[in-house]
Amino acid sequence: MYAATALAILVVMGLAIIRAILGPTAFDRLLAVNMFGTKTVLLIAVIGFLTGRPDFLDIALVYALVNFLSTIAVLRFFEGQGRKTFTHTEE
Amino acid sequence: MSWIGHYNYWAAIVLMMLGFYVVISRGNLIKKLIGLNIFSTSVFLLYISMGKIKDATAPILVDSTLAPTTVQVYSNPLPHVLILTAIVVGVATTAVGLALTVRIHERYGTIEEDEIRAKDDSL
Amino acid sequence: MLANTLDIITVLCLVLGCFLGITGGIGIYRLPDFFTRLHASSVTDSACAFLILFALMLQSGFTLVTVKLCFVLFFLILSSTTATHALAKAAIQRGFQPLLGREDKR
Amino acid sequence: METVINIVLLTFLCITALAIVQIRKLFCAIMLMGIFSLLSACLFVTMDAVDVAFTEAAVGSGISTILLLGAMTLTSIDEKRPSYQSLIAILVVVVTGAILVYGTMDIPPFGTPDAPIHRHVALRYIQQSPIEVGPPNMVTSVLASYRGYDTLGETAVIFTAGIALVALLGTYRRKTGSAPQKDKPSTLNDHLVLSIVSKMFIPLILLFGLYVQFHGDYGPGGGFQAGVIFASGIILYALIFGVDKAMRVISPSALRLLSAAGLLLFGGVGLMCIINGGNFLDYNTLAQRPIDGQHLGIFLIELGVGITVFAIMVMMFYAFSNRKGRSA
């Protein structure tokens, strides 16, 4: 039961990787990475149950908390780039 | 099915060689650092693969009052200790490398290796 | 009897969660532009996470594990929805336009 | 079943690495590095290395992406095609790889219980550490007690890296550099949803950091992870509300003091052991009962590591983001 769930999550992860590699725009890649992060949390939780030591959910918890950070950082970076191109056109 | 037994090691070697390839063939300094990161991850994988024992569990003592299980086998904790610290040290050294790259960019205006070398020669 | 019912609900939740997850995966792979992909992933993501984690909660009973799963679920739903919202907003600000109508080239 | 998950994840990892090698845009390579790190953390979990996965989770998802992005913003976005041929490089790589694969033939297959690596000191660690040292998490007892010297060395390396970074990039902002940024505050600050959700998240991240710090004896976690998680909380604050405000929360000079204080605490515990008549970092002498001494020693040392790692990580972030203000 858990094994089938883990496999399904792995399939989704594979599709997200393909999108992250192909992704024509940077936003597509960011979306894929974001989705990949969510699926990683789920996979770690399911693996915990699969191996019979579900007390290791702390790792999933870390990802749930901190994964947010990289998305914010990239958005911040986009903003910086926008400002840079903006000043370029000004000059 | 002997290849399954060595699949981890081979994957680690493939990753290591990919990182190595980036480091020796790409001129961009940030790309080189990314390659170095891939290389170090491959080393981490190799160590952790060696520490794993089949059907063993993580090296945290199972509370026998909560989970009355059969005899427990634990994976080897030593590689975990080595790699745990190596990851944090790795990110610190990557940061130093990136700082050097930033300084090189400020001095030379480029982070491509051959352009830097050309500027060095012309000086 | 009770345990049996719980198991059945667990399996149902897991199957539905996996189905939604795979739908989202296919959506993010097949759909034609950024906004359609965004809707595919964001709509399914929260429900998929909720169903799978809820199934795990049913299996773990009243323990610390359930509390941790609750926290994971809470953070996951909060952060992934916020992230997709911020992503859509940033994309609009950068001048991305949603694909309206059907384009002939795929 | 675990073997299947393992093999699939390793294959994904190789595909991602290949894509990183191929892609010319540095930004895309950094995004893929994020996926790479998530995948490797999953692999560490399947291979029972929960503490390692924890560290990778804390470091890889936040800090390393942010540092790479910061460096890329300060330099260039695209990678130029190198002028020289890479055929020789491919040859070198293939030959080295082939030799290494030949070398693996003698390694016992994955998961063998009686491989040489498991016969040496590991048995002692697994069987004796709960009795001799105490904490149920064997990784913590090996890290802090049996191999305390190593950990002291690693902490010193991190500290040195922080000093080197500050020497290279500097922590203080020139007044001319800070002026234009103040008229133009970050627009992420205006992003209402984002700032409110972040305000909810930051205390929870900090709280979780403390939990990881002090629960590391019983579950996965410890000083290294806690320091990074705590730093992530501060960095999130800086990303949303601006570095200036974050610097008012915790100033660079305070960070410098903290980074040294953590390392000194570590070394001080070692010296205390000598004063009490034991060897360096021999915690048994710290209290009446040896096991209490071990407990106290591990607690203090993890605290020292946590403080140093936290201070250095935030210092690195400040250094990169201030440089941005200076060159703009």
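Just so it is clear, A, B, C and D label the chains in written order, and each chain counts residues from 1 on its own.
By our rule, contacts are C-beta pairs under 8 Å (C-beta built on N, C-alpha and C of every residue); 3 or more make two chains touch, one makes a residue touch a chain.
Quantities reported herein were computed from a predicted structural model and do not represent experimental measurements.
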From chain D, the most remote chain by mean C-alpha position:
C
What are the two chains with the top count of C-beta contact pairs?
B-D
Chain centres from averaged Cα atoms put chain B and chain C apart, in whole Å, by 31
The distance between the C-alpha centres of chain A and chain D, rounded to whole Å, is 19
Measuring from the mean C-alpha position of chain B to the mean C-alpha position of chain D, what distance in angstrom results?
12
Compute the distance, rounded to whole Å, between the mean C-alpha positions of chain C and chain D.
29
Where does chain B touch two or more other chains at once, residue-wise?
57-58, 60
Residues of chain D touching at least two other chains
48, 50, 194, 201, 204, 219-220
By residue number and range, which residues of chain A touch two or more other chains?
13-14, 16, 30, 32, 37, 51, 55-56, 58, 61, 65, 67-68, 72, 75, 79
If you go through all the chains, which pairs of them touch?
A-B, A-C, A-D, B-D, C-D
Where on chain A does chain D make contact in their complex?
3, 6-7, 10, 13-14, 16-17, 20-21, 23, 26, 29-30, 32-33, 36-37, 40, 43-44, 47-48, 50-51, 55-56, 58-59, 61-63, 65-70, 72-77, 79-81, 83
Going by the contact rule set out above, which residues of chain D touch chain C in the complex?
191, 193-194, 197, 200-201, 204
List the residues on chain C that touch chain D in their complex, please.
75, 78-79, 82, 85-86, 89
Residue set of chain B touching chain D in the complex reads 2, 4-11, 13-22, 24-31, 33-35, 37-38, 41, 44-45, 48-61, 63, 73-89, 91-96, 98-103, 105-106, 110-115
Sort out for me which residues of chain D touch chain A in the complex.
1-2, 4-5, 8-9, 12, 15-16, 19, 23, 27-28, 31-32, 34-35, 38-39, 41-42, 45-46, 48, 50, 53-54, 57-58, 61-62, 65-66, 69, 73, 77, 184, 186-188, 194, 198, 201, 204-205, 208, 212, 219-221, 225, 229, 232, 235-236, 239-240, 324
